[in-house]
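Two complexes are shown next, each including chain A; its partner changes from chain B in the first to chain C in the second.
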Partner chain A sequence: MTTPAWLIEPETRMGPCACCGRRAKGDFVEKTIAGAGRVLRATMFSADLASEDGFLQRTDARVKVGSAVVLLLVVAFTRHVSVLVGLYAATVLAASASQVPARLLVRRVWLFVPLFTGVVAFPAALSVITPGHIVVPMGTWFGTPFGFTAQGLTAAGLIVMRAATSISVVVLLTITTPWPRLLAALRALRVPRAFVLVLGLAYRYLFHLLTSITDMYEARKARAPRDHDLVRGRAFVAATAGATFGKAHALSEEVYLAMVARGYRGQATAIDRGPLGAVDILVFVAVVAVTLVAIGVDHVVVH
Partner chain B sequence: MSWSTDVFVVDDVDFLYLDRFVALAGVSLTIRTGERVALLGANGCGKSTMLKLLAGLIVPDRGTVNAFGTELTEPALDDDQFARAFRARVGFVFQSSDAQLFSPTVRDEVSFGPLHLGFDRSEVERRVDDVLELLGIAELADRAPYQLSGGEKKRVAIASVLVTSPDVLLFDEPTAGLDPRTQDWFCDLVVELHRAGKTIVCATHDLAALDQLADRCVVFSEEHRIVAAGSPAEILADLPLLEATNLVHLHAHRHHDRVHTHKHDLDHYETECDHR
Partner chain C sequence: MHIPDGYLSPSTCAVAAGAMTPVWLSAGRRVRKVVTNRYAPLTALAAAYCFCVMMFNVPVPDGTTAHAVGAVLVAVLLGPWAAVIAVSVALAIQALFFGDGGVLAYGANAVNMAFVMPFVGYGVYLAIARHAPLTSRRRAVAAGIGGYVGLNAAALAAAFEFGIQPLLFHTADGTPLYAPFHLSQTIPAMALAHLTVAGGVEFALTMGVVTYLQRANVPLLRINHPTTAVHATTETPRSRPRWRSAVLVFGMGALLTPLGLLAHGSAFGEAAPGGLDLHQNHLQAVPDGLARYAGFWHHALFHGYDFSHDAHPAVGYIVSALVGMAVIAGVAFAVVSLISRVRSAAR
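And now, the complex of A and B:
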């Protein structure tokens, strides 16, 4: 093998290795990849939280999943905002007893609630959608007074608080429970084993593929200067998506063979945990009691 | 079902990927009980395909593969009794640990095989604890696979196969990508397993570890055929063979102020390069 001359001679076409003062911010590709990295870090942080010695972390995952289902049902059928505010406060209290930073919980909940639920609920507060007593007048609409009605604001508040409380319950469940225990709890609650197996595989390989995408981007970054051309950026994203799809396909075949080699024949099996402890049963009874009280108060307030 | 001392008998096998790309051409091979066999060859010569055939994960396009006296065909592998007995006897450690570690935690991973082979739950739990202790990874039991290093993943992959105590262990490039200490640990493990009576087949191109991994070597050519078989010493001494099969190459290196060139293999390195 003969080494070509251009590989031996010093490269003369490059500029000096020094700053020229011109700075540029990252493009959309860089931001997307950085976002993927943040997902990984956030998950690692969640894993740390799940291993803390807090109230919810000590509670059996099956009890937490069961309690979450009960709470979500109660939240869905509650008709008064004050009851929902009470339930939301209970989730914040549970978070603080579980060493979950209140800022983290509030940010995760109130970042998405205004964005998705608020946008839907906002028009419902207007007199054209929900007629009633106008408490915030905004002028006239075809000769009739127009503005936010008390009934509309109550309905919007109900929707927003339902969403916020439900999201709080789910966020608390997921950040205080290690993913494997959550999957085991789903199995124990008779969720089909094949479905739980697929969920576990998806979670496992999501990290593998995310790392692969980050590697591809860093390999590109190591070989080429920052490129601001959007067309080339889109082409890179498409090529990365294609390569990742190909990798995922090859990996899925290999994973299936690895499962078959160890006796998998289409029926998923796993070790389930033993019976619940007395404290776990007590926690579940307490949750049911709280929900019964909430239903009672809601009934009294509404009537 | 008739059991014999021949664990595998491969007879005149062809295998093609996508009906076009030849992976194996006219390969015949016998592996006997308690043997340590290394399948040697360059990248893409068909070693991994051979292991997948022996593991009953693929079937040949032509020729036959017999395991424990029964031909490995799709109908045979669909048979519950045979599939369960065969999978319990043959363990396969894949080259890619990421493909093999698909469960949420190390404990789930190691228990996957025995649970699916119908072992009793308490027996599974006992064996999982024992094998994690044996391989020095008990503290990793509740960790997720993405939190493990390459060496730890390899140990977990081996544990996930050893837990069912298979008679035959198939390893695909077991030392590739491992640090020297983990490579040494693996070689010691193979010696121990062989002493315990296991049949071991390794696909590798790691000539440095050959003495510890095998008593018999089978060499594949880049034309996907078996071109030689013999003891590690015989194979390593046959430089024209190793060069023709792309297992050694002309190598130039420097000793202080002197640069010289020779075929790169262990024996040569230890004799002609003693002037280091």
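And now, the complex of A and C:
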């Protein structure tokens, strides 16, 4: 007995152009399974990287969180693209000193930036959005000159580089820090205890729910592999979401009882790592020095 | 709708985080008061659920898929204050771990999706569902409409945050320092996407889940509606008009009205003959009829929303607004009183 052809035929995807062959888009079942898989893969990969022996992995999580906030603030206040490029290069250097493949960091950031920021930034460079001195003329628009303006290109460059550098900083922080350490660092930096507790619990049980959803979607795929009916599809998504809510609510009760059995009385505790080491303090001072240099250069370039 | 870092100025992010702080504190206090020590696992699982809802791809007629936010759904199931915490935690996980939404922009994202969306959506849901039984079709549709309106309110808030950036933060030569689009561009762009596809998906998912739970698991709907009847009874109590809700909605509208002053130019079709761009309309002079009837009425109490010949435009604007609102409220009250008397007399 052989497997029927319709069962092993792959889902047709969006082609490079609507004119070349059948144009069909990704199935909602496939997309949800793939999305859940991506989250799980990214988490496992981050956990592996966080356990490597690198520069950032050795640095205390509190120093990394504090440094990330300082860097994000400097990136937000910077007004010149060249300074942002310098800060971005510093994040790539820090990645390569921490066993994080620079290629991975660049790919993770620059896959996101053109998709979201690029689409927004590109039209901003046009004279209809940002008027100014036209440096790339493209004809006329209702009788007025039209094209890319110097001001628009600068604004687009600023927004793209700011987004790229900010994402790099956050990605570096999270892929080099185990999640419990990150939570403990947030608590040490005076983030409310209740918020950190809920954040930790939510992250832990998120994967449980995701696995449950993936199971339901795979079961649907096995039962009705080629069902593209819109109404049935929506009803299935709603039923899955409703059933997941039921599971989440029942699980919350079980988790509470398990917590009470372990001595939980409404007060959360956090890991205490003690005072910072000399190296950690040195790293933080170095980050502050880099940011001061960046602010100084930005001030000089702007004026 | 997840705003990344770099789009909003640090001061906008600080204002948004400052605005959210009392909301978070109040939400924590209220949820803890209701579920006591259970608050941690309950809100954590609600947050994990919220994260998962954002991963559900819902098929749309074009053949593609889109995903919902689910803030109104959580508000309908667990209440708006629990939704504030659940969505905020889900946004924190997305920002910290998956780079979806900025860390500095976290406060702004929370304002849009964890505050505006659940509260506006839940308000609409309550206004439509009223005393309908838990298993009624009306309640499911109300949840869907709440999701649709809530999402669009959140999109409007995001568009506003984007749109004020070039007005407030730019260099001397006009280069925008953050998001470069003006309100006249951000509001239509966000409205187009959210009034059509995204809003439809939010409507379908929110209504679909409530419909499913009405059929399969009514006790879950009772968590947030402990006193509501499950099935329709023959005698439904006659409800009194809900003045507090109406005053709240109209009060919010009144407070938000001055936002229009941030926009350039005047509203379409409202320019005085002297302010018309004749060249753009291929005209040589103001048309006779328009010139003759434009100044037909000279006895306005607050001409041009002012009473002191532009000496104090802000005071004039506010006084005009207050007097206008008082007159409209008086007329509405008189009409409602008259209708009530006529109805009483008819009985």
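In this text, the second predicted complex is superposed on the first by the 253 of 303 C-alpha atoms of A that agree within 3 Å, B and C clash if a C-alpha of one lies under 4 Å from a C-alpha of the other, contacts with A are read in each partner's own complex, and residues count from 1 in each chain.
Please note the rule applied: a contact is a pair of C-beta atoms (placed from the backbone, for glycine too) under 8 Å apart; a residue touches a chain by one contact, two chains touch by 3 or more.
Keep in mind that this is a model prediction, so the values were computed, not measured.
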Touch count on chain A, higher of chain B and chain C: C
Touched partner set for A:Arg262, first chain B, second chain C, both or neither: first
Which of chain B and chain C A:Thr140 touches, first, second, both or neither: neither
Which superposed partner A:Leu251 touches (first chain B, second chain C, both, neither): both
Touched partner set for A:Val171, first chain B, second chain C, both or neither: second
First (chain B), second (chain C), both or neither touched by A:Pro180: first
Partner chain(s) touched by A:Tyr203 [first = chain B, second = chain C, both, neither]: both
Touching partner for A:Ser82 - first (chain B), second (chain C), both, neither: neither
First (chain B), second (chain C), both or neither touched by A:Ala241: second
Touching both chain C and chain B, counted on chain A across the two superposed complexes: 179, 200-201, 203, 205, 208, 251, 255, 259-260, 264-265
Contacting residues of chain C [partner chain A, same complex]: 4-7, 9-10, 13, 24, 28, 32, 36-49, 51-53, 55-59, 61-65, 70, 73, 77, 85, 89-90, 92-93, 95-99, 102-104, 166, 171, 173-181, 185, 204-205, 207-209, 211-213, 216-217, 220, 223
Residues of chain B that touch chain A when the two form their complex: 52, 55, 57, 80, 83-84, 87-88, 90-92, 94, 96, 98-105, 107-108, 111-113, 115-117, 121, 124-125, 142, 144-146, 160-161, 164
List of chain A residues in touch with chain B within their complex: 47, 178-180, 183, 200-201, 203-205, 207-208, 211, 251, 254-255, 257-265, 267, 269-271
Chain A residues within the chain C interface of the complex: 24-26, 28, 31-32, 35-36, 39, 42-43, 46, 68-69, 72-73, 75-77, 79, 108, 112, 116-117, 120-121, 124, 129-132, 151-152, 154-156, 158-159, 162-163, 165-167, 170-171, 173-174, 179, 182, 192, 194-195, 197-203, 205-206, 208-210, 213, 228, 230, 233-235, 237-246, 248-249, 251-253, 255-256, 259-260, 264-266, 268, 302
